[in-house]
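First the structure, then my questions, so here it is.
All chains are identified by letter, namely A, B, C and D, in their written order; residue positions are counted from 1 within each chain.
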Amino acid sequence: MKTPVVDFHAHVGRWGSFGMADDLETYLRVMDAAGVDISCINCIFYGEAHRNLDSVMPFVKKHPDRFVPVAYVTPRYLQDAIPELERAFGKLGARFLKLYPTYLGKPIDDPSYFPIFEWANDHGIVIMSHSSFFFEGDTLTMPRLFPALAKRFNKVRWVLGHSGNNMNGQAQAVAAARECDNIYLETCTSMAEAGTIEFLVNGAGEDRVLYGSDMPLLDARNQVGRIVTADISDEAKKKVLGLNAIKLLGLKNKS
Amino acid sequence: MAKIVDTPVIDVHAHVGQWGAKFRPASPKMYVDIMDAAGVDRMGFNCIYFDDERKSHNVVADWVSKYPDRFIGVAFGTPRHPDETIPELERAFDQLGFKYMKIYPTYYTKPVDDPSYDLIFEWANSRGIVIMCHSSNVADWDTLTLPTKFIGLAKRFTKVKWLLAHSGNAMRGQVLAVEAAKQCPNIYLEICTSFAEAGTIEFLVNGAGEDRVLFGSDIPLMDPRYHVGRVVTADISEAAKQKVLGLNAKKLLGL
Amino acid sequence: MGEVELHFKAAVPTFDACVFLGRRYNRYVRSDSVAGIIESMDRCGVGKALVSHVHAIDFDGEDGNEVLLQEMKGQPRLVPQFGANPTMDDAGQLIAQMRAHGVRSVRIDPKQHNYPFTDWMAKGWLDRLAKEGISVFVAAPQIEPDQLHTMLRAHPDLRVVLSEVHYVHTPWIFPLVRAVPNVYVEISRFVVVDGPKRLVDAMGLHRVLFGSRFPDSAMAPHLYGLHQMGFTKAELSAICAGNLEKLLGRAA
Amino acid sequence: MGKVDLDFKPSVPVFDACITVGRRYDRYIRVDNVADTLATMDRAGVQRALAYTPHALDFDSVEGNSYLMEMIKGQPRLVPQFAVNPSFDDLPLMAKSMKQHGVRSLRIAPKFQRYPFREWVLGPFFDWLEANRTPVWVAAEEIDPSEFHATVSGRPGLRFVMSQVHFMHETWAVPLLMSLPNVSIEVSRMLQPNSFNKLIDAIGAERVMFGSRFPDSAMAPQLYYLHRSGLSQSQLQAVCAGNLGRLLGKG
């Protein structure tokens, strides 16, 4: 069955400490085998904001039809952040912004993030943040922090990477999406309890769930497998796999 | 080039009592030999290993008696046995000639602003005593002696001079310690720590002012030569170095 | 346009090597019954599943194994696996029970049960299991890798299946499977890029087992991923069922 | 009155055996660039420093090491040390890159990278190190003492440097050094009273190396302590630069 497949959550940058390489050839081979058309890729490892997108761009330049660049900044070096956003969205064609409060060590609603949120709101961009609530105490990116942000910065479309990660977090993520129509949920996780995709789609609605893989840490074939084998309608599968992302990011639908 | 000066050098943070796991044997002679090598004039030490103030004070007094012109007795107070504490503090200051006191909430396992400490603080306030307390915030969990807790105490017990040992320990704690000193003129900062990030002394002196930072070593955990080294090699004025090394302590303790 | 299969079913006979049955004492799971397991198996074409009961791990082997047998009675597609603890369970009694019910594997949890996996702790017990041809399953987070390596060397007749190998274990899993021939890997959590392929390259085809750890992860996606991995049908058959059948069929 | 030197500079050449450069993913540090690092070395009287970047351990050796080389390019006073993850890295590729950049030492992090420090994991890596005569740095907090002792005692031909040894590690670190002649110590966190005298009494001065772990510690204070420890001039020279120079020069 042919249908557009957009991977909303993918990285570049090696993480050899845990066995992850990022060579282009493997990337494309796995995308092809999984049936993925486009991967939205970010890099979050460097303190110097420009280094992150600079690692992404060679992939995009080589295969502009397969990779979409995603910006990354951190408020730790705020002096770098806004110029980098200007460069990423103004010059390099970034389609959305990734945030990772876990590395900052502060919650997603920490005021140090606000200048970034304000810029994003002014430009009406999409932000994907890591989101997780495994257990009591895992609070930096718990999904229930997002509705207040989504209301305050209501021109931003907020994507919750991992949809809260495990079942505890998924319940909060679905509640957040129900509360705010500018909150979307992304699916990848290495937890992946049975019934996760069904829970997200039935809870948040099939229009607000986005397929993601966490490539090249996790294999896209397994993560696509989670969508296509879920107990949801074919229409919903197609939306989650790619149609929703195309709409959200304003990509061209080649079908 | 080298600039050897004769200046008062007073180590305000030292301990006595054997701690076999870390340093043995400890003896008054060994302390004096190390002080001579480091260029330390006088040293104020306490004993916090016994949950018994009387025993602590006896150990300290015995050491002081060996080199009374080099050693300064420091009292210890804990709320765990409240009926013993005040009489024993009175003995330490009135009969044994101790000059200031130390408290250690980490062993008491309650925060420094726990009401059970009020008994000690009220007594100290009535006499205008210097209280040195461990202060630390190296991670989110590390809150018992959070430097900002001392702001409320310093405003309530205004006659007490509060000396924050370790100045919050790691960089994140230092930020809070400087904030506390800025808000309260009766808060002072002591420098020793095994974290000792580059730029710490400069940060404390520039933040709290050169009149409110005091040299200490934590012997027998650490060697005074290292901590003297941190002061003399810091990027601050010579006048500031001399104040931190001893002039501030001399004034604060009325030596 | 991406080519995906929206109605996937396994193309080869499939025997899931890692399924758990039962309610948890500390959290809700979405599927906790025999009916739930069977339904999930039917959806993606899994023929058989090797099932442990969570009670046997979290509380007690004797009680948990008994509940397991009761609940799965009359379901030939579910193959029982016992939970066991060498510090508690007498090897003779355990083996007799297993013989009586045709159980060919046990699951151990050394970290949760607070014992070192060493000879001075478990030598006699393991010797008897090995002699009986019983395989031992253990989750990777439940064991010290160096202890496991030492024991695999010391007990060449013992077969150990390492389950729930996650990407955080990549630093030692490859050296381990290269160093010892009597360890198997169940792939339910090894969802890294090319995971099953890299394992086959490192350890050969016959020690890699499909498993899902249902319901803590969904059953079908692993199988879907395996089918897209580029294996031949014979390789796929070995990983999806043949290898496990052979392992459980080892003679006493 | 105490006698102190308010403008201290070391009296011997200094080669710092442990500094890092580069930003961190998880926290702010006060000095994260090469220019400020060199300014600090000037102030501290340190001529050369062996530098690695935490990125190469936290994330990836290939990218981290190349990040390091990019940062220190054209700075002969900063001597590169590469990080390696022997359970994952392509060793021939690593060798090529080391040769290209004249890198003479490596750093590993077994606990963080979660591999057992055992011959069955590291055998090929050890053979390779031995063939290339490459010394390896490892932080004390990355070591399980019994495991390290058992493995290293079987490899007398290798050279290890135990780095960042805190007083928490003193109970086992000194006996370990006494028992294993092929292990040296970098002293950035040896802050205990008389630590240098005790260390040199126990193992001699040849295996003791000054290091600062800058910028996680200041660079100069430990040099002050060393200069006030009553060492002979030749011991001081060996500890401050000679031992490290010799170790890196082998091969």
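Operating definition for what follows: contacts are C-beta pairs under 8 Å (C-beta built on N, C-alpha and C of every residue); 3 or more make two chains touch, one makes a residue touch a chain.
Predicted, not measured: the structure shown is a model, and the values here were computed from it.
Shared contact partners of chain B and chain D, listed by label: none present. Any chain that touches chain A and also touches chain C is listed here: D.
The greatest centre-to-centre gap from chain A, using C-alpha centroids, is found for B. When every chain is reduced to the mean of its C-alpha atoms, the one closest to the centre of the whole protein set is D. Note on interfaces A-D and C-D: more C-beta pairs are in contact across A-D. Centres computed as Cα averages put chain A at a distance of 50 Å from chain B. Taking the mean of the C-alpha atoms as each chain's centre, chain A and chain D sit 39 Å apart.
Here the spacing of chain B and chain C, counted between their Cα centres, is 58 Å. With centres set at the average Cα position, the gap from chain C to chain D is 43 Å. The set of chain A residues touching two or more other chains comprises 18-20. Counting partner chains per residue, chain B shows two or more touched chains at no residue at all. Annotation for chain C: residues touching 2 or more other chains are 168, 170-171.
Applying the touch criterion to all chain pairs gives A-C, A-D, B-D, C-D. Within the complex formed with chain A, the residues of chain D that make contact are 22-28, 32, 55, 57-63, 67, 85, 87-89, 109, 112-113.
Within the complex formed with chain A, the chain C residues making contact are 1-6, 8, 27-31, 40, 43-44, 166-168, 170-171, 189, 191-195, 214-225, 228-230. Residues 1-5, 18-20, 26, 30, 33-37, 167, 190-197, 199, 215-226, 228-231, 234, 237-238, 241-242, 254-255 of chain A touch chain C in their complex.
Residues 13-20, 44-48, 51, 76-77, 103, 105 of chain A are the ones that touch chain D when the two sit in their complex.
Residues 1-9, 21-23, 30, 34, 37-41, 171, 194-201, 203, 219-223, 225-230, 232-235, 238, 241-242, 245-246 of chain B are the ones that touch chain D when the two sit in their complex.
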